[in-house]
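Mind looking over this structure? Questions follow.
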Amino acid sequence: MNIYIQIAYLVASILFIIGIKKMGKTKEARSGNQLSSLGMLIAVLATVVQVEAVSLVEILICVVIGSAIGLFIAFKIEMTQMPEMVALFNGFGGLGSLAVALSYYWLNSQELNANIDAITGTSTALSIFIGGLTFTGSIIAFLKLNGKISGKPITFGGQHLINLILLLLVIVASVFAVMYQADSTYVFALVALALLLGILTVLPIGGADMPVVISLLNSYSGMAACATGFVLNNNVLIVSGALVGASGIILTQIMCKAMNRSLINVLLGGFGQTVSTDGGDADEIQVKEVGVEEAAMLFDSASSVIVVPGYGMAVAQAQHVIRELAEQCEKRNIDFRFAIHPVAGRMPGHMNVLLAEANISYDKLIEMDEINGDFQNTDLVFVVGANDVVNPAARENPQSPIYGMPILDADKARTVIVSKRSMGKGYAGVQNELFGYDNCLMLFGDAKSTIGKLVGEMKEM
Amino acid sequence: MTTESLIILFYILVLASYLGFELITKVPPTLHTPLMSGSNAISGITMVGAILACNELGYSTFSKWLGMLALVLATINVVGGYTVTDRMLKMFKKKK
Amino acid sequence: MRIAVLKETKDYENRVALTPDVVKSLVKKGFDVCVETGSGLKSSFSDQGYIDAGASIAKNTKEACQSDIILKVNSFTEEEVSMFPDASVCISFMYAYTIPEVLEVMKKKNISSFSMDAVPRISRAQKMDALSSQANLAGYKTVLLGANALGKIFPLMMTAAGTITPSKVLIFGAGVAGLQAIATAKRLGAVVEVTDVRPETKEQVESLGGRFLTVEGVEAVKVEGGYAKEVSAEFLQKQKELIQEKIKDADIVITTALVIGKKAPVLVTEDMVKSMKTGAVIVDMAVESGGNCEIAEMNKTVVKHGVTIIGESNLPSLLPINASQLYATNISTLLLHLADKDAFKWEMEEEITKGSLITHKGEIVHGFTKQILGI
Amino acid sequence: MRIAVLKETKDYENRVALTPDVVKSLVKKGFDVCVETGSGLKSSFSDQGYIDAGASIAKNTKEACQSDIILKVNSFTEEEVSMFPDASVCISFMYAYTIPEVLEVMKKKNISSFSMDAVPRISRAQKMDALSSQANLAGYKTVLLGANALGKIFPLMMTAAGTITPSKVLIFGAGVAGLQAIATAKRLGAVVEVTDVRPETKEQVESLGGRFLTVEGVEAVKVEGGYAKEVSAEFLQKQKELIQEKIKDADIVITTALVIGKKAPVLVTEDMVKSMKTGAVIVDMAVESGGNCEIAEMNKTVVKHGVTIIGESNLPSLLPINASQLYATNISTLLLHLADKDAFKWEMEEEITKGSLITHKGEIVHGFTKQILGI
Amino acid sequence: MNIYIQIAYLVASILFIIGIKKMGKTKEARSGNQLSSLGMLIAVLATVVQVEAVSLVEILICVVIGSAIGLFIAFKIEMTQMPEMVALFNGFGGLGSLAVALSYYWLNSQELNANIDAITGTSTALSIFIGGLTFTGSIIAFLKLNGKISGKPITFGGQHLINLILLLLVIVASVFAVMYQADSTYVFALVALALLLGILTVLPIGGADMPVVISLLNSYSGMAACATGFVLNNNVLIVSGALVGASGIILTQIMCKAMNRSLINVLLGGFGQTVSTDGGDADEIQVKEVGVEEAAMLFDSASSVIVVPGYGMAVAQAQHVIRELAEQCEKRNIDFRFAIHPVAGRMPGHMNVLLAEANISYDKLIEMDEINGDFQNTDLVFVVGANDVVNPAARENPQSPIYGMPILDADKARTVIVSKRSMGKGYAGVQNELFGYDNCLMLFGDAKSTIGKLVGEMKEM
Amino acid sequence: MTTESLIILFYILVLASYLGFELITKVPPTLHTPLMSGSNAISGITMVGAILACNELGYSTFSKWLGMLALVLATINVVGGYTVTDRMLKMFKKKK
């Protein structure tokens, strides 16, 4: 191989590395993605140069077709369909790896009748297996997210046993395919098994777990690429495949943690259903949770923030950490104010006493009537242990015991984050529908400790 | 392949994997989907393999067709993946 | 309609029913407002201020009374009511069950009357809740009175001439007034301990930095509509023991424990007073309804057994400017809820109307009042 | 040696020179202590308390005076001094230059006297600095007096019945008393603005959360030994303009500006008072030395032009328990610095002795006193 | 090469990586070092196995001699001599690399008369150059730290020019050594030049900068090892050399930052003198500065802390961050109290007001008389903006204007950290000798912002 | 050496260097000296090279003597380095 091409591959690898690194930070993610695509371009061009136009036309046609389809899908889809698209692309990638490996195998074993050595053979089998599994698994995930297949986990008795048997068959088929290369039955059996396993392992998983599965399959497709690299003895494939494989695994783990599930649980057939944790007292309200890190990012990207303190702030004694939050926001030139509801807390002026204790300047505290018009132009409202005073039922539901009480129109803001410990009710003992609104995210936990962590995150950003 | 070169490739594998681990130790949840999507696009590097695979004369052989199929698929993965990721990331710009 | 503001006649009363600001907003809404001369003087609002706000000034009560709606802070006297036009409407803190004679006169003159103290404590009526708004100010004032009467300072202070230990404030009752008292005493640096019969007040007290004294080993107290109902004898006994223990160290004792419609419970007995430190101070906020302290005297500050006992019956009135402001908002919000510039709505089944209407065209219609008066 | 504590005779004086705690420590060190009966009553210290601490009780002043060392808070009267044994030593706040007659009597009786107000303000004498300890308490008390006289509350309060805006407190002078006043008013939730002639006080004021009003465009004021010296007419003029502007919005004005040995500067003129809001309050801490407010009256609370003007001359005395505690520590520390149980040291060149000794064996030896009396 | 040996090398490489990673964290550093030494053992054993005892006796003798010397030095030296020891070892390592490369060169070019290809030759030259430079540079650093040579920067005119010329000569010699392998003159010239350059580049640097230089030379010795790896085509050498080289560079950069100097400044002949920043108003007092991170570590490892607040805390309004600090310490079960001097601040009770505002419980505030006896049993005293009230002159120097004033005996604690903005004096206008005491470290900067950072560090630990 | 294998070694070099950078991004100052000392010990890996270099028969040749010198020096570096580092790190234990 030409040394320049090798160097191009090296450069591409480095670009991938830097790209991945940057994609872990909000501010640099986009440029990271661009760098990595640049790396890809370099790698592809280098390869095209390397093959010295032997079959340039076909290559060109294929690339054009692929690009057209890719671009079409990428631009057509709605933002809400992103996760399923990722699954689909991932599936294509997996199938691609399978095809490359199979092509290599076929070329050598059937067409050239050359012998493939054990190491290369093993790599080929791995590549086929992982690629196939990734393909069908991703397609199932795609269909589930798409709603074409029920999002409910589809289970049947003994599925773990069946999967285990299939896996054993995969190994057998691989060994035979490497040993008896002249007979193509084995390799096709391998392909079929891989495809089947992909379907069977993903089918039983509930729709809610799909993101984790996709992330894992993504990691697999990286490994498939890596295996292909071993087949073709190509470094850039190995580096980028390994990179994707490893970072994918870590990402999967992070996502599992965020969902409170263990990776092992997902990796081994555990792959089971999520236990539905929100029951009982939340009645019908479906809420979206948010983590501390994401909340921190939301703060970071807001340009105006209004804090609505309530009795929960007093209970948690969170006034001091809120002052820190204010300092963090002011550092970022975020417009930061407090909306004080006249009956927030349990005594007149309750919030005033506490916020004064925390040394928050009087002119940051805005009365309800004055600030109510501003909510709709506000990026982010942070409700800290308030409940009744932001309950839209007071405006909208004549049956509610608090109907007629003036409230803070927090719900009108672009995004609302609510810090409270649970779905517990407020003084008036009524359900708050705001928590189920589309623009509302719940940050569960004691206000003092969660906001403390939030501030910690912001400091690091 | 000789064990010699296998070992060297193994070095590369191990180092790259470790690096992958190190790089993605603390990603905020908002970035989970774009990161997934972006690294997915990278895994489209099989495109390189695909090009090599269809570098045969004539369309007649199975392996050539497979190679071309692989190339189309990998290209979709690469092009679609990067574009979608970019679209997602554009939304993260600070609104002012 | 014409609204009249009468001058308060009760002793120790400095408030006024409407302030110029509120008058202005009512005038804007189309009401005529007439203020008896000198009504606002004690709360620093001059006649001129009212005139500037669009009110007319009545030379005397009689002249003022020639109105459709008559407002006051304290309950009307027989004399005043007899000056009202027939079928007029009046609003004030009536505590109607305490003034059957006046109700008689109202009956004769077909007066409809609303009482501020009877406004139901529901979420949507919070803006009309004068009991809360006045209790809140009272809670602040009570601490200031106590602090001022004490021969010590509140905060811990480490100085070259030695360390001054913080004063200990013991507060009975964590209602609206009690909570504000806690907040104020904490702000000034005192160590605050609180006792209440309602267990849910523990969290509230702690949210203000106070220490809650839990009466151990007794079942919880029933609460109805936010008010504490009579509690068991066992509880009161245990509470008493706890207090006896704690009161010895207290520098200031503030009692706010009221049970509505009944004589205030005795929480501080004479024996307890005797056990207190010389120079300590007791402020009894319940003195008007009999006193939480056995030996408190109404409207007097007395020194007994070396302890200063303050028995102001009308604490909000000592902050007349703010108290009038808040009361004026309360009463005008109620008025605007009940009537527009042309007439009253008389939605008899509506919760607030129903809760606060004492007499309607002379007839007593208020359940609780009837019940207490035995009608 | 025997120490006597005399009962205070001055009006409005509630303090006592030694408290039982301090008596106990002196007794431990070998002194005899004798307390005139009833000395501690007004500050809640009973005769019994002193007896328990190891003192003896003297039936009257005469009996008490039969001692080697005689202590008091306020300066001694001619009558008292004439009862002292020959060559005895006495300590109190003498403000010696104001009592030449008494000095005469001391001369006759060869009395040595130390004055608490003359203790030099050096680091090592901080524990004896009664001016500071008393000013500190006065600063706290002045805010409480003002807050109590005001018809409003201090803090911002957003309630259902409307928002109460925070009170504005304007403080003149950020000495010891002024700083404590700032801290106390801030604690209670007021918005505090402060003016002082010494520029370095800006940082100190801000460290307590107050806002410093800088008199622009005038050169800094000379400071000597921590005290402000007379300032330029230009400065005072500019300061006046600033005050005229700010005083209109103030709810409470507290003046603490003293220039030692001189009449207090007039900072609040009658015209300014007229421009203030009805119901506002002025507390003049300098009233004893002529008053920073032109129309303040000593030991009286008057209402003029709608403004309440408080002129307490003896603020620390309103916190007698703490004030006595601190004073007792100050005076006993000085005493122990000057003497042991057997005799005085008379180190005439030592800074504290030199600074505080007014008469030595009858002769006036104190430079500043001599200078003012023109001797 | 045997595959097992290769795998052993791979394992060793991984152990080095993990070891280095762990050495960046206080709690794991020791186990990290042990892992890395395990890796070294594996690598050495594998190599010994590989050479198949051809010259086992000599190897054994050499290893025994080297080990003996190493252990002797390592155990004999005082803790305070650590940095110079590191320099010495580093020098030996550099010389070792040089010797290996030279040996290889000699063997092939002179003894076997084989030809060394260009790539290997370049690597050899690099290895010799870097190794030689590292050796003499380290030795000079060692001698400077040791006091055998003056710690003062030794400068002479045109030294940058001379260094540049020498560098050019190095290149020339390298090229010639590779091209004319039969003539050993060039390679010896290269050795001589490398040694000379090492001396000349380090000599002009002041003793205070030595740690940075050593770190840099350490990084160089890693590079030398890496170059040797290229010479011998040995992966473990490359991996560990690169690892040391890269982490050394980063470490150097971190150290530069901590010293407020730029790496470029050090890398290019800038290597110059530090500008002595403490002059003037500090009179003769020599203070030791501490950084926020290190301060955080000191807090972390203390079991009792006393905070002494003073007027500077009030000015900085640092009371709220101090509460956070208290919370961090309490989380770690550190005994945390405040020592309140009766005249701290500018009014009686100044500290009380502020600490009460920050919601610090009254029973954490201890009076001077009560706490003064406890200082000597306290691990760490944190003086925040206090000065006069902890000035030992009040106890010891009858000439001082504050003599006789009782003070807090902060100086008696094991370690004292003082947070203030500068060497500015307090109210009494006198110098404070405490700041120059052996157990006293200065944490310069506005109290609020530095303590804020300190808390941030502690949160991350 | 072929360029082929050079490139592969380069991969290893780059990956390892990047990893080194990533690993040491935020070390507290207290660890500066031990870290320096510890990584210095690692650079004694030339010991491996030295062993290879003195793997010749006979003591007579210059290269052999050089190899043995290298071995002694590298051993000092390794053994001394690790020991000293360990001694330093022992001091970091939490005093209780």
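Order of writing sets the labels: A, B, C, D, E and F. Residues in every chain begin at 1.
One rule holds in what follows: contacts are C-beta pairs under 8 Å (C-beta built on N, C-alpha and C of every residue); 3 or more make two chains touch, one makes a residue touch a chain.
Keep in mind that what you see is a predicted model, and the values were worked out from it rather than measured.
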item: Any chain that touches subunit F and subunit B; value: A, E
item: Homomeric contact subunit C-subunit D: same or different residue positions, threshold half; value: same
item: From subunit D, the most remote chain by mean C-alpha position; value: B
item: Taking each chain's C-alpha mean as its centre, the one farthest from subunit F; value: C
item: Contact-richer chain pair (by C-beta pairs counted) among A-D and B-E; value: A-D
item: Cα-centroid distance, subunit D relative to subunit E, in whole angstrom; value: 57
item: Whole-Å gap between the CA centroids of subunit E and subunit F; value: 18
item: Cα-centroid distance, subunit C relative to subunit D, in whole angstrom; value: 39
item: Distance between the centres, which are taken as Cα means, of subunit C and subunit B, whole angstrom; value: 74
item: Where subunit E touches two or more other chains at once, by residue number; value: 13, 17, 235, 239, 317, 342-343, 348-349, 353, 357, 359
item: Shared-contact residues (touching 2 or more other chains) in subunit F; value: 3, 5, 8, 11-12, 14-16, 18-19, 22-23
item: Multi-chain contact sites of subunit D, meaning residues that touch two or more partners; value: 126-127, 132-133, 136, 155, 157, 159-162, 164, 187, 189
item: Interchain contacts (touch definition) - all pairs; value: A-B, A-C, A-D, A-E, A-F, B-E, B-F, C-D, C-E, D-E, E-F
item: Sites on subunit C touched by subunit D in the complex; value: 14, 43-44, 46, 126-127, 129-130, 132-133, 136-137, 140-141, 144-145, 147-148, 150-153, 155, 157, 159-162, 164, 184, 187-189, 277-279, 306, 318-322, 325-327, 329-330, 333
item: Subunit E residues within the subunit C interface of the complex; value: 340-343, 348-349, 351-353, 356, 359, 362, 365, 367-368
item: Touching residues (chain side subunit B, partner subunit A) in the complex; value: 1, 3, 5-6, 9, 12-13, 16-21, 23-57, 59, 61-64, 66-96
item: Contact set on subunit E toward subunit A in their complex; value: 317, 320, 323-324, 357-359, 456, 459-460
item: Interfacial residue positions of subunit A with respect to subunit B in the complex; value: 13, 16-17, 19-21, 23-26, 29-30, 32-34, 36-37, 39-40, 43-44, 47-48, 50-51, 54-55, 58-59, 62-63, 65-67, 69-71, 73-75, 77, 79, 82-83, 85-86, 89-90, 92-93, 95-100, 102-104, 106-107, 110-111, 117, 119-120, 211, 214-215, 218, 221-222, 224-226, 228-251, 254-255, 258, 291, 293-294, 296-297, 301-303, 379, 457
